[in-house]
């Protein structure tokens, strides 16, 4: 359940700023795309090598370079050299265990955040690290593997939908952030469904495996919170930032993302409380079951033990037991037994046990 | 139990500011009313189309436009165009999953909050989103469906009760807020009654269904808190706001609503603690029951098992068992059995089990 | 257990500032007293009607008007008119569900707080609302019913004890606050005694009724905290207040009350923790009992079930059972039974069950 | 367990500043000592009456007056008069229910704190109130009874050890504070030992009395925290204080005490968590025991109940039961019984119950 | 489990600043090394005595003195004299119970932190205290015993890897901090593995010993948090510090360590939550086991007790029991018994107990 952290695979003692990819290698080939656009123009191409993407750096318009796959550190290094990124920023880009954060490096703003999705089997929440570098007229985005989360934005750019082509690089960065946060809602909805299904199971058939699922859900919530919680501060820091890279027009959009992030965090918190409640239901369902089991045992034992005793009495071999000779002895005893049994049943009925 | 969030039904990737109604469609027809008033005049009418409501925008007096039903986005769009509202505000109005918040757009103040009421069956707390736009001389209020929560205010306006006709649009906005917060108290009182009834049930007949009700109540409390908690900040932000739209005279009234909101929040918190306590009572009631069941079993078994053993001994078929031939053997054994039984009963009496 | 809030009895939709008495009517007749004093003079009288109390408003000295009973709203209204109190303040005075608070209205300071005492049966903590209006040279105090909490202060005024006659109206207000806070200590001491008694009960005889008392105590603690907690802020606000109505000399006395309030709050918190601990003791006492019951059952059953089996074997009716014919068969079997029983007893002794 | 607060024994209604000793009277005779020292001189004497101690107030050097026993309020009053202490300070000195606090009265600083030690039986943590008045060139310390906690400081003064004789009154006050905080560590070490011993008991023999000790420990922790927690703020306030009575040289020493206090507080917190853990261990030990008891019962009953049934079958008196006539009937049945028993035992072995 | 604090072994009453080594003596011989380096030069030597290390204090380049072993207080004293360290700093260096902290003494910065590693048996987390003194052109580091944690840094210095030789003493201090924080990740990974293993055990075979391990893990988490938590503030204080000893270039590196520390703290917190979850799983596993045991007992007893009763009835010795004479009596009764047994089994099947 605890997701062990992997950072130590970094050879300890390496100087800071050394580019070593930390984390699972999720794709074979790195995919690089470059989009240059302004109100009137739109140019999109897939680069075969990184040099192609880095060319024409000073062409007018907003440049968006998207890198899918971060394990080839030489690519990252070349981008860093071209755009003058700090070695520690490059180290953070290739180390996928970063906590969401925002760093203002005057010439550019560096943002790390987590994209959340379900794994292929659909039973585990996994996170992918997204790095954004927002410069004067460019955004460079790094994903661990290809994904369709940014496709709607590409689509809006291509078809000139909404105001995105009219705005600057900061608006593009906002749009990417917004796309990631939108993805959280999908996960939350799925989690809500899992929780509802689990609640039914917990009430009806509380087996240990159910408990296992409850704990996995709880663990997922802890994981989600850890990934999303710092994002609040990140976006809040961007809003408060006095960087000239973020125009005042974009502020109101950031506030919108900020609201959504808070909504996500609050939903996670209320889900966590609900999961804790599930555990309580589980425990009391177990107690109820035990109660039911004990009632059956008690009813059967309490009815038959006295009857068996009576039978035992008349199974004794004393020579002088007058009842044994009575012609009505046997039916009388049977009747007495029936009576005792009925009294017991009536007692349990009154106790509402049966 | 977890109320899944619905925001994702928004087609992901739509540009921000696109008007798509998110949430349940609660009425068929949108109802639009317009009231214009000042100290001396009062004019109320139901508009057949939105253009009618938007006409005479510059007539003197306070204008109150109330829209019941927000699924017709063209109406919202026209209001937004007429009054110059930001596209994101319009998006928030039609998206009913907003967190309560207050946004100061200089020319107008936008407030979202939640109205709380019981559903028709009276067993579930549901929320409706209320949006208020407070401008220089106008208030536009949006409800998801028709409701009588604002009727008393209409009444006070019509009959010129209190100071409402003498004050400006900010006082009207306050009055609407106050009406919504007053509604919380009704829900809290009902919840308090449900809680008292539930406590009786938990103490007297703790069945699993009771547990279900306890958890539903807990879930209701989490839901309530999530709806009301941010309202504190909203009203607090309005009080601290330096907007010229809120006059200093209104501040003291806002402080009053603020006090009420804090009272609501604290009551919710203490209800939550009480519900948690109910769960504890439930669990210990279950334990008590188990104890009681086990005592009955133990008493019966402990009395009769030794007696059955004695009967078994004299049911053995050994040839040489002198007791069997004794004339007083049978009554003596019966007496011994009685004695053993009485000793047991006395023991249990001393243990206070019976 | 949850004390439902009553505010909704206010006819919803009434304009704010409407004087409607909310809460239980605790006395029949309103009692009004007026005291005017300075270092040299002391004048005390009971007023027959409110006009009598309001006369001589500008006479030199500190004026203290005390009103016992707040259900006659016309009296409150007349005081409000005479002293220029804001309608919302008057509404708060007659609405007994206020949260403790302090409002600085420049010309006067309005303070609401809760007096706590045990009900007549001594088993429930109830609260009464006290309102204080501190003006330039006057204090007006409102109680829900007659009580002796202010008597010692009257006494000190009459007999010129301590410095109270030498100080101004702010010192009088402090003295009244102090008297109320002193009352909390009485309640806390009683509660401490109840708690100690309950702890004995929980350890010795944990019956469901005990649990009920534990929960009542917990509920009392929640209620107390809700009443006292905001008082800290109230007094703290008075200390920090820059109102000219509170002289610097009085500040140090307010700090003293502030310390006492913190002491009360901390004691309530530690009582709450203790009550939570009581619940744990209760639950483990119940578990212990169950353990004890099960041990008795297990010991008896485990000893006699094998013996009964042995007796059953020799009660079988096979023709060829050589043991049955042995002269020593019966005593041997009895001996074997005794041995088995003793082995069992020894086993339980080693297990420390008996 | 709850330590009732005693403050109410103060006759309610006494004017503030009235000197009434609140708390247990811990010594018969008040002991007063006076030490005057500077780098070169050292003069120590025990005063027979308070006037003797108060004489020579203006002699050069640091004056340290120590009062052991605070129930003779006339002594406190005379000191107060001589040194110009505020009546509320005097009231706080004789009222032993103060919360640790620091008050800056410009001419002097008043500090209250709690000394902690074990009672004579060594099983209960008790607190004694220490008051310090730090003036220009004097420190007056008040203890409830004679104790050796300040002896090492007297010793350092006498023998001119360390820098204490070279420093001023503020350093003396620091040294006294440090001595008290050092005492906390002793108590914490003892408590740690008690906790370790208790943990062994809880794991090995969880009887109700153990639970009682666990709760006493928890209660002790609550008590300790309440006594020590505010001390952090006290020392922090002294550090931040801009009083000219505390020189900058002493600040670094205060920071040292501050660090120690934080260490004490954190240790208390982690002890509290450990005690809570002990309760969990206790509860699961109880559950384990119950499990063990039930296993024994189940094993015995499950083995012998079927066997007894078989014996019962062949104890029936039907005329036509062919098995009864078989020569090998008895040994066969015995063999079958053995087989059933062995199967049961094997089943339990596989279940790992035995 | 509670790790008792040892500070009291300090003879109480010693003047502050007295050098007494507190804590376990972990090595026999103190090892002292000195490295002097700048971009072009690198000089490393092991000093035989402390004077050798302290010589050439003013040689150009960064001086790094590393002391392994702090029990020889004369060495610490000499370093303190040479570099003008405050006596309280020296006291803190030799007292290994310090809380991580940072003190700015203008001429030098003093930092205490905890290095964490597993003990030799690998089952307990232990802490070693590291003290750093950062001066103008020197860093003095104190360890309790020799360790390889700083070896990679020595290596980077020797081989001029990365930028370390180009930077000043502050960068060296940062590198040492970073090395210590890197060590936390190793411990966390190990702990994560222990936790996963423990979770399997808890689900599959919940024996009391498992509980013991769970509590040890919890205790380890409390210990870890206590050691690491204050480090956040330490590094944060260094970042915010306006000391001229820390250049602005180093700030970004400190921010990096700060991020890592937060990551460590958050991981510890989520581990703590997971451990708490383990306890819940343990308790419900125990409950499940009890349930299973009780089911077996109930099934066996409920099937055989009625059958034994039937056998008992026909074992009675009444003269007139017609069934006994029926030729088919015995098989009929056997058949009836079989039927009863089957009905019972069917009942349990339907209940899903078997």
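Per-chain numbering from 1; labels A, B, C, D and E assigned in written order.
Rule of thumb we're sticking to: a residue touches a chain if its C-beta (ideal position, glycine included) is under 8 Å from a C-beta of that chain, and two chains touch if they have at least 3 such contacts.
Given the structure is predicted, the values throughout are model-derived calculations rather than measurements.
Touch-path distance (fewest steps) from chain B to chain E is 2. Common neighbours of chain B and chain C under the contact definition above are absent. Touch-path distance (fewest steps) from chain C to chain E is 2.
The rotation that brings the Cα trace of chain B onto that of chain D spans 145°, given to the nearest 5. Look at the contact of chain C with chain D and you find different residues on each copy: under half of the numbers used there are shared. Computed centre separation for the pair chain D/chain E is 26 angstrom, with centres defined by C-alpha atoms. Mean C-alpha positions place chain A and chain D at a centre distance of 43 Å. Counting only residues that touch two or more partner chains, chain A has 283, 287, 290, 294, 297, 301, 305, 308, 312, 315-317, 321. Chain-to-chain contact here is organised cyclically: the chains close a single ring, every chain touching exactly two others.
The touching residues of chain A, when paired with chain B in their complex, are 151-153, 155-156, 161-164, 178-179, 182-183, 185-186, 188-189, 192-193, 195-196, 199, 203, 252-253, 255-256, 259-260, 262-263, 266-267, 270-271, 273-274, 277, 280-281, 283-285, 287-288, 290-291, 294-295, 297-298, 301-302, 305-306, 308-309, 312-313, 315-321, 352-353. Residues 1-8, 10, 12-18, 86, 88, 97-99, 101, 103, 205, 208, 211-212, 215, 218-219, 222-223, 226, 279, 282-283, 286-287, 289-290, 293-294, 296-297, 300-301, 304-305, 307-308, 311-312, 314-317, 321, 323-327, 329-330, 333-334, 337 of chain E are the ones touching chain D in the complex.
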